[in-house]
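The two complexes that follow have chain A in common; it is paired with chain B in the first and with chain C in the second.
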Partner chain A sequence: MYSLVDVHKRYGLRTVALRKLNLDIRPGEFFVLYGPAGAGKSTILNLLAGLTRPTSGDVRRDGASITHLPPERRNAAMAFENYALYSHLTVAENLAFPLRAAGVRPAEIEVRVKSVAGVLGIPHVLDRRPGFLSGGQRQRVALGRAIIRPADIYLLDEPIGHLDAKLRHRMRAELKALAVDMKATIVFTTTSSKEALALGDRIGILNAGRLEQAGTAAELYDRPANTFVASFVGDPPMSFLNVSVRPAEGGPALVTGDGQSIGKAPSGALGRGGLKAGVRSTALTLVDPGTPGALAGQVEVVEHLGHSSIAVVLSGTDHIQVLLPADARLRPGERVGLRVDPTRLHIFADETALATDAA
Partner chain B sequence: MARITARRLIKRYGAFQAVHGIDFDVADGEFVAILGPSGCGKSSTMRMIAGLESISDGQILFDGIPVNAVRARDRNVAMSFENYALYAPITVYENIAFPLRSAGKDAASIDRAVRSVAEKMELTALLGLKPGALSSGQAQRVGLARALVRKPAVFLMDEPISHLDTRQRYRMRRFIKSIHQEFGHTMIYVTHDQEEALALADRVMVMSDGMIQQMATPQEVYSRPSNAFVAGFVGEPPINFLDYADADDSGLTIEGNRVALTEPLKARVRLIGPRGLAAIRPHFLRLGAESPVRLQGRGFITEELQDHNEIFVDVGSVRVAIVTPPGLRVARGEAVTISVDPEHLLLFPADVKVKEHADEL
Partner chain C sequence: MQRKTSVVVEILRYGAIFLVLGFFVFPIFWMVLTSFKPEEAIMVSPPRFFFTPTTENYVHALHDKNFLFYIKNTLIISVISTAIVVAFGSLAAYSFARYNVGDGHILFFILSTKMMPAIAVILPYFLIFRDVGKTAVGKSLHLGLDQHGALIVSYVMFNLPFAIWLLVSFFQDIPRSLEHSARLDGLSRIQVLRRVTFPLAAPGIAVTAVFTLIFCWNEFLFAYILTRKAASTVTVGVESFFTLQGILWGPVAAAATISVAPMLIFVLVMQRYMVRGLTFGAVRG
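For the complex of A and B:
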């Protein structure tokens, strides 16, 4: 088990990359670090690899500090986002490099290089130098060089982020299968919600150097700790209604800014204002305007996405995304009703979403 | 606002021809997305419309009038890029007002225009700030607002939101689309992202290798792609391609599976011949034997994306993706029957380029 304990990381005097971060990476798990650019994902990989040291706090392995252990003694394999390939070596030589350095026999090296090149779909470019490869091919070579040798931990910095959509989708499945086969401990960074959910045994959500929540895909999706996590996990993202709790017949109700009730409030919440009710696009049903109990709104835009459509509905001052069938015939400006599945409402009292709204 | 027409438009860079004599029309007030991979000629096409690139051959017309010889700044074209150069010493308000002041508009109409566009872009609260105090997303919205406010004949956007995260992208899409609905500019939007193109545009112009592959509504390029390239480039997750052989009226063979054909597909087979490329979207495949059109395979990986699952199954030598409701799983190596919705099976002439495309990226 790898642990970051109270890790604080500053670059220079002003740039804070990580703030009092605590994180455990369990043996054999595929751990995804997910968050926007600049959240601190690459810094964590560099700390685990030993390429940088925390400003304060400790990096541990199985409880013992490795904070001051040099990179060459950590047996960590890393794939860098900017590839960092040797330009004077062929693809085959780049892939073989870590094995030669470890003294593996040439015959064994050849077998392993061919096998990795096959998995990554690059066997036909083994004789080329990196300068003659496309960006997607270079990225796969960088990934191959990391996974080709046995290591205690694999640190993969957006290793499929530069591939085109088709290849990215295919490589995602390959990588997941490979991880299952290798039973390796992998830390993987991404800015894609789909990639995080598809790959991670557990996912850590980072925001401005803080770990907002760590858990399985299902935990993050069903029980997001705050509005930042809620809005970052899932595509399309969760929509939020600004609500407060008001007394009503049958108990306190959640009421929107323009006075519409969207359901019962959690017990003991009476008198609270400034809450956010999060709702996923799949938890809403479109009904006729004026349907009792439904939220009234007006269609702002309709997006046709091939297999489905997304309508953005303005209700009061809240913009709500609704997932619809591909053949939905809605027009901007049309008045609609939205029925909210009350069992799928997420109530938040935090302000993290407001902070990210400004971004 | 203007109608844009291209007639046999060609762009050459020395001996290399980037755009091969394309024809298209963009109606007044229409939103067209030019979609394609890098190097397909989409940016060259847009830059010729803007006047930033010379036209090697052919014509571009605004409202029927050739503009080949008209300089960029005289075409009344607004362009936005990923990076916006805002004027740092002046406020957001003054930044947005700048093009109107340069055009000599009176103060009252400037104020009206600035406030109207700022409200639409949710910038009203920021009007008094200077650019240094803005986040990158806010700065981008100010840049867009400044480009919009002068009511150009055509508004050109080149990958304006490709660097944003999922949530910001959805927001910017909403802004861009509602602005188009509000102001009705003719808009041409260049992107490599099929979801953006489908979400935003009235019509999508799919390009590859300097040629237009299809120009149609988002629903059409998705449901009735004109060729295998369009089928493969549009749709998420990407469409599955499988070679077929021995095709005749009795059916066709895909990776050892004999598949019966509907009448429209028989007609396609007569046109294409005994061998070709079958394509089926992951959304139109199901686990189980409910359809008479079936494929046999072995499970590879199940991805649980919470609101749905994506299951990869090896059918012969081809890895096929299937979208299923949450909860369904397939184990590695498990024998699986896949049902194909024949309504959504597409047949194309065998296209070597499409198959190799993925490897060369």
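For the complex of A and C:
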């Protein structure tokens, strides 16, 4: 198991890459680091690889500190975001490089290179130099060079981010199958939430150098720790309503900005101002306008996705995304009612962005 | 209409190319031509393009003046100087590029040694080499006046700053992740330098070697002041054709042609590496 313990990383005097970060990566798991650009994903990979050292805190492996272990003694394999291919070597030589460095016999190197090139769909470019490859091909060579030798941990920095959509889909499946095959510990970074959810056994969500939450896709989906996490998992993302607590018959209720009640207020929400109610598109049902107990709203935009559509409904001042069956015929401007499932509301105190335990 | 315009443009373009080319190539062409002219055809006006070629100038330069002796000296001095400059220059440039040694100040200081004209330091150099040449170390390293070592040291001193500056930018262009990747594959820092960084910097090193060699080969001032006969180089050799009886233009042209030839061959050989560097240099994009 790899652990980052209270890791703080600063570049220069001003730039803080990671803030007091704690993270465990379990043996054999496919761990995905998700976050926007500059969130600190690559820094974590570099720390695990030994390419950089934490400003404070510890990097551990099975409990023992490896903070000062140089990269060549960590048995880690890494695919770099900028590919880092050796332009003076052919693709085959690039793939063979880690094996040569490890002193593998030439005959075996050839077999392994061919097999990896086959898996990645690049056997026809083995004799070329990286300068003559497309971006997608280069990225696959970079990935191949990382997975060609057995390593204790594979660090993949956005390894399929530059592929076109179709190829990315295929590589995603290949990678997942490969991970299961190799029983390898993999840390993978991405800026795509779909990719994170599709690949990760567990996902760590990073934002501005902080680990917002780490867990399985289901955990992140069901119990998001804050609005940042909540808006990341799920497609369409969770919609947020600005709500406040008002006294009502049968206990305090959550009320939207224009006075519509959406359900009982949970005990944790009492006495707190500036609340947000997160609601997933699946927790909403479209009903006739004017239905009692339903939110009134007006359709703004309808996006057709093929198998379904997403309608953006303006209710008061809040925009709500609703998932609709493909045959739903809604037009912009139409008035609708939305029934909210009160048991599937996520309540956040918006300044601290913490879950306050939905009712 | 479109077609016609482009033909005119093409003609103008090639015209311009020939003009520029003529400007640069003509002196060399004239030098080679002169080297084959009999003496009476050289200084006539108007200049003659057609004449009966002769090899007497080459015989004079190579046999009577023993010009190959100067070539040999120049070769020894230039090649050794260039080797030292490239070896030390690459290592220094690498550390400047990767570790920002001295925060830019040392790099600037190195350049500042190039800010004075060579003529300003030639007298101190003369005195230093005169005295150093008398010491035991100076004797064993041939550092005295009219010895190869003195010129090699001078050329290294004068070319190293330029070489470092040229190489720093080449090393900066190699992404660190290439070295990182190799480290992760189990190579030590030194192995990474040998197997990844230097091969990738090869085009830059080739360019630097070419420039340095050309500078050393063509240098005149130091060679003229610091040597007399035993370690004289081609530029000094050619100068010796300026005799009291007059300038031997024919042999001068022949000697100059002989001096240019090795450089031309060397640059053509290195050009392959330099061009390859450009073609395969797409490290990033």
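Just so we're on the same page, the second predicted complex is superposed on the first by the 345 of 359 C-alpha atoms of A that agree within 3 Å, B and C clash if a C-alpha of one lies under 4 Å from a C-alpha of the other, contacts with A are read in each partner's own complex, and residues count from 1 in each chain.
Keep in mind that, in the parts below, a residue touches a chain if its C-beta (ideal position, glycine included) is under 8 Å from a C-beta of that chain, and two chains touch if they have at least 3 such contacts.
What you see is a predicted model, and the numbers here were worked out from it, not measured in a lab.
In the superposed model on chain A, is it clash or fit for chain B and chain C?
Aligned on chain A, chain C fits beside chain B.
Contacts for A:1 in the overlay, against chain B (first) and chain C (second): which applies, first, second, both or neither?
It touches nothing on chain B or chain C.
Tell me which partner A:172 touches in the superposition: chain B (first), chain C (second), both or neither.
first
Tell me the contact category for A:111 with respect to chain B and chain C: first, second, both or neither.
Neither partner.
On the A-aligned overlay, A:217 touches which partner chain: chain B = first, chain C = second, or both, or neither?
Touch partner of A:217: chain B, not chain C.
With chain A at the apex, figure out the C-alpha centre angle toward chain B and chain C and round it to a multiple of 10 degrees.
Given the fit on chain A C-alpha atoms, the answer is 80 degrees.
Under the stated touch criterion, which partner chain does A:80 make contact with: chain B (first), chain C (second), both, or neither?
After superposing on A, A:80 lies in contact with chain C but is clear of chain B.
Between chain B and chain C, pick out the one touching the greater number of residues of chain A.
Answer, by number of touched residues of chain A: B.
Looking at A:88 after the superposition, I want to know if it touches chain B, chain C, both of them or none. Which is it: first, second, both, neither?
second
Per the contact definition in the header, classify A:237: touching chain B only (first), chain C only (second), both, or neither.
A:237 sits against chain B, while chain C stays out of touch.
Quick one: classify A:248 as touching chain B (first), chain C (second), both or neither.
neither
For the superposed arrangement, tell me the lowest C-alpha distance between chain B and chain C in Å.
Least C-alpha distance: 11 Å.
Where on chain A does chain B make contact in their complex?
Interface residues on the chain A side: 36-37, 121-122, 124, 134-137, 163-167, 169-170, 172-173, 176-177, 180, 191-194, 197-199, 217-218, 221-222, 231-237, 280, 282, 300-301, 303-307, 310, 312, 319, 321, 326, 332, 356, 358-359.
Given the complex with chain A, which residues does chain B contribute to the contact?
Those residues of chain B that touch chain A are 37, 135-138, 165-168, 170, 173-174, 177-178, 181, 192-195, 198-200, 217-219, 222-223, 232, 234-238, 281, 283, 300-301, 303-307, 310, 312, 319, 321, 323, 332, 357-361.
Would you mind writing out the residues of chain A in touch with chain C in their complex?
Checking each residue of chain A against chain C gives 46, 49-51, 70-72, 74-78, 80, 82, 84-88, 97-98, 101-102, 129-131, 145, 149.
Can you list the chain C residues touching chain A in their complex?
175, 177-178, 180-188, 191, 196, 199-200, 202, 279-284
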